[in-house]
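So, here's a batch of structures to check.
What follows is a pair of complexes built around chain A, which joins chain B in one and chain C in the other.
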Partner chain A sequence: MRSQTNIFAFTIITFVMMMLFTPEKASSQSVRVLVPAGSFHSVLPEVEGEPIQVDSFFMDETAITNEQYAEFLRENPEWRRSNIPPIFTYDGYLKTWKSDLEPDYEEVGENRPVTRVSWYAANAYCSEQGGRLPTLNEWEYSAQLLGIEDEAEMNRFSSKLISWYSGIDANNLPEVGSTGIETTTGVKDQFGLVMEWVADFKPIIADEISLDCGTVGRMQTLNSVYSYAASIRYITRMSFNPKITTGMVGFRCAYDESDRSDQTKHEVTL
Partner chain B sequence: MKSAITKFTLLTALLMFGMTSFLSAQTEEYKIDGMTFGMPEAKVYTEDYNGSPVVGEYITQAPNLAPLDYEGNKHHEVRLDIIVQEVEVASGVRYQAWTFGGSVPGPVIHVREGDRITFTMKNRSDEMVEINEPMSQMRVNGKRAMGPSDLSAISNDGDWTSTSPFMKQLRENNFQKNKAGIMPMPHSMDFHAGTVAKDDKWRTVGPGETITFDWVANYPGTYIYHCGTPSVLMHTAMGQHGVVVVSPKDGYTEDYEVDREYVIVQSEYYLTKGDGDLYQFDFDAAYNNDPSHVVFNGHQTILHDQPLKANAGERVRFHFSNNGPSGTSSFHVIGGIFDRVWLEGHPANEMRGMQTVLIGASGSATLDMIVPEEGKYILIDHEFVDAEKGATGTLKAGPRKK
Partner chain C sequence: MRSVFIYLILFSVLGIVEVNGQDMHHQHDHKQEALKAGEVQSGHSLYHLDNEFITHRNEKVKLSDFADEPVIVVMFYGNCTQVCPILIQDSWRLYSSLSESTKKTVNVLAVSFDTENDSPEVLAEYAKDEQLDISGWHFVTGKDTDIRMLAMMLGVKYQKDSNGDFAHSNLITVLDAEGNVAKRVEGLNQPMDEAAWLIESVSKNSDETK
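Moving on to the complex of A and B:
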């Protein structure tokens, strides 16, 4: 009962917050990649025989960097560390930055992904770019377009992925674009860099999938090492609260395909 | 310009409105067979806490067990924060462990049957928590210690309101050679000694969040605690487990008193060499039940480097827990027979004259042994593959004294 009201209240607050806090300006900085429509199987319960359909959309080629985020803060003072209202973040917001607008590049690196941003802040950033956070299904659909046909190779890749989830070195994140992991459509580093916020990181089903010792077993519906890794990723994300700011969670934005002409222009200008 | 204040006020009002729907009925406390059930709802919140990650008077580093120097029952305030520490688990093998309080296994919590525990845990996996120094969290004669030079001056003056004997013991005997690290992940606490609704008390908290809940130690015995956030295989293999020893209110037997008590925790590591010097979690090994190390008290050689001590003719009590995550243990002492064994540590489960005791994952036993003569006794998991991966230790017996 408690959990359902939680979700209800959470949804309402989120909705109103997004209406109020949508930044007015838009600017473009990132390379955006078209992810064509398709379908995939998730590790969440689904209707048997009916894979999840995903419409085409654009997504940032790489995660948002510290430099890109600093640029956003220059334009949007209300999201700076000293101004952000506490209802939108925990204390750790950008805590490794030197000051409001200085990411302390020695520590965090110009081209490293920005982390320690709450879900609210990530949303605001993407709105500013004329986009939004990718949905859970969009992100996951894109991520699994790895083009690895060989099952043994996919298992090896997935085992490494699980080890990576147990050891993300938040103090020494690599630069964006450096993992060498790229989808067939050209989206980079969905694995191997940081975990990423998605719009609906805590789907309604999260409360039904009781998080306990048996959850991975129940979620691992695809019966593969990849789905085991995916379960860990889904569960970790579902355990978050939108105010959380951690050194291993960054984000990238998505854009509706209906704005395709605009998006293509962005890509060309870059 | 949009007025941030107006927005803020509106949102606050909205939040307050939302909060009313968060409140839900609290279970009434009730008793069955003298045991207490129905704990208040857990609280999840954020706090400005950067003190000692382990707080509590009866919390120690294994194999030590704090004596219960009080009569009857007590209400304990216990804190075990989640911190990431690079630890050594065998010579040359180090990895970034996810820990309760700083070591693998986590601290030993000692309570008495019927005691109530108010437990607090902050997920500090996103903070560097140095547990060797600075010493600012340590208390010296009731005052805050000012630096490492004060280490020798730390006295057990009974003031454990801001730290614990565990922290003192770990600093004095840092055999896992801890180094602070960061690896932010959501985590939770599942005390097997507690009887509560897991979707409330064992809730997962994200980095920066704190959870507080109560439980009552209704049943005597030795109970594992562990992180219950999936993948539990990964979380426990990464180091998130420890034990609570719940001593029976009337003791185990009136026939004799034991001379020494030791806590031994068996567990597995599934590690493989990472890219740098450190080792990391090996999913294939964990999934195929093929540990790289099986150890007592978190380190392959600790119980040989620091043997347990006793004298011939003494009765030694082992509180043995197999924390897994996945293996069984066939616990045996070479040269000894367990005079009495209480399965799971419950005084009603008494067995006598056991050579080997089979203990499943997350199971335990309390085992009394008469030390026969001066010499060396090897504690061993008689599943020899485990023994050869490290699950052994030494009990060194001196001459008979009485």
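Moving on to the complex of A and C:
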């Protein structure tokens, strides 16, 4: 009798453990990387000369994949293609998917970054994960932590970057983590894969900046090939509006450090 | 050489955005028509934003809690001592020009984008100082993401500078009973008669449907 109770208790415990741990495995939750505090030089004219301070934060190692996004949609029907209200997106939302919950994996690939998601949808996804979109400064700060010391090498890298920006092939995106471009803190593919949404992609200065050569010239305050490439990125991003759904824009999430410590505590109590 | 190159890049990038831009015009026209006809365009309602905000009375609210009656929305921040009091005063001017019966049903949401400093307690203090801790007025804050989404939906731009001040749009928005943007008043010290008239008519509409 007693051993029966034990077996029963064991079964219950096993079941509870499975309940607790299986969803996490299945959720294909992305790896989060700590980006330590620091500062960097922005190419925006208003902050010329003054480095921007960034607090430490966590960021997804890679961009969100189609598979991860499909899982979010399974839990959040209001963000499915057939339900999403037009105030949050244009018609192109997840246009290449077979149906509401089925990315066309032959076309878009399981581990390729999800694209054709509006800024609103990206926000909703990150909120659901307990995070948020990185701020423009957080994203840019992380992106330039490349550890390339040699000026010639940096110029070569930046030139590659410029040609990438000029021809992102939205129909043939590589898988996340495959570009080989990784920051010193371990954040992958901030270049070479897709453009990415940031929380404040349209800083106020965007109103005064027109997309012309003169502006790009003025933006190149740092006078390097990298700042030229960055200017193109800034200007492209500023031309977006929150409802656009293009094949070359994906996203990844950021997390405050305090959120992370809550989570760790939670894990410890388990 | 470089300038030709950048034109190429910008055109290739903008080409993609442009396609969507056409959708935008289409939808915009659609919305305008809907407003004239007084129809419900529920797909464009701000009440689709399902996120929770918190008021200066420490109440958790969703935007849709204010449905069925018109809402005046203004975004500001507490430490803004020059422009924001005028913006709040403008909202008061609009509110106080309404009939007594409409004042009872309309809600005013003054939403702070300074999520770091404007806690519900700070906002409660602010409401008291402005003598606006009155029924129907809600000083609201929330998660940074949620505030930014609301701002984006309203078309309010804001950006923190290194001094902790914000550059921001001055905009008062009137939402109709369904949560659609019915009127936008941009700038400071603007005439409010049109917005007031609109609120009165929306308010009457919702009386009739009851």
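As a working rule, the second predicted complex is superposed on the first by the 228 of 270 C-alpha atoms of A that agree within 3 Å, B and C clash if a C-alpha of one lies under 4 Å from a C-alpha of the other, contacts with A are read in each partner's own complex, and residues count from 1 in each chain.
The rule is short, and it goes like this: contacts are C-beta pairs under 8 Å (C-beta built on N, C-alpha and C of every residue); 3 or more make two chains touch, one makes a residue touch a chain.
It should be emphasised that the depicted structure is a prediction, and the values quoted were computed from it without experimental measurement.
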Query = Of the partners chain B and chain C, which touch A:P203 in the superposed model: first, second, both, neither?
reply = second
Ask   = So, A:G92: does it touch chain B (first), chain C (second), both, or neither?
value = both
Request  = Kindly classify A:S159 by the partners it touches after superposition: chain B alone (first), chain C alone (second), both, or neither?
outcome  = first
Ask   = Taking the superposition as given, does A:N83 touch the first partner, chain B, the second, chain C, both, or neither?
value = first
Query = So, does A:E50 touch the first partner chain B, the second partner chain C, both, or neither?
reply = second
Query = Of the partners chain B and chain C, which touch A:V225 in the superposed model: first, second, both, neither?
reply = first
Request  = Could you tell me if A:T236 is touching chain B, chain C, both of them or neither one (first, second, both, neither)?
outcome  = both
Request  = Look at A:S127 in the shared chain and tell me whether it touches chain B only, chain C only, both, or neither; answer first, second, both or neither.
outcome  = second
Request  = Look at A:D169 in the shared chain and tell me whether it touches chain B only, chain C only, both, or neither; answer first, second, both or neither.
outcome  = first
Inquiry  = Need the overlap of the two footprints on chain A, from chain B and from chain C, as residue ranges.
reply    = 78, 85, 87, 90-92, 162, 165-167, 170, 211, 213, 216, 232, 235-236, 239-241, 244-248
Ask   = Quick one: in the complex, what on chain C touches chain A?
value = 3, 5-10, 12-14, 16-17, 19-20, 23-24, 27, 42-46, 48, 50-51, 143-146, 148-149, 152-153, 157-159, 162, 167-168
Chain A partner contacts - residues on chain B that touch it in the complex = 2, 4, 7-8, 10-12, 14-15, 18-19, 21-22, 24, 46, 48, 96, 126, 181-186, 188, 198-199, 202, 204, 206-209, 228-234, 238, 272, 274, 280-284, 287
Remark   = Touching chain C in the complex, chain A uses residues 47, 50, 78, 85-88, 90-92, 119-120, 123, 126-127, 132-133, 162, 165-167, 170, 199-200, 202-205, 207, 211, 213, 216, 232, 235-236, 239-248
Task = Flag every residue of chain A that touches chain B in the complex, lowest number first.
result = 1-3, 5-6, 8-10, 12-13, 16-17, 20-21, 78, 83, 85, 87, 90-92, 159, 162-163, 165-171, 210-213, 215-216, 219, 225, 228, 231-232, 235-236, 239-241, 244-249
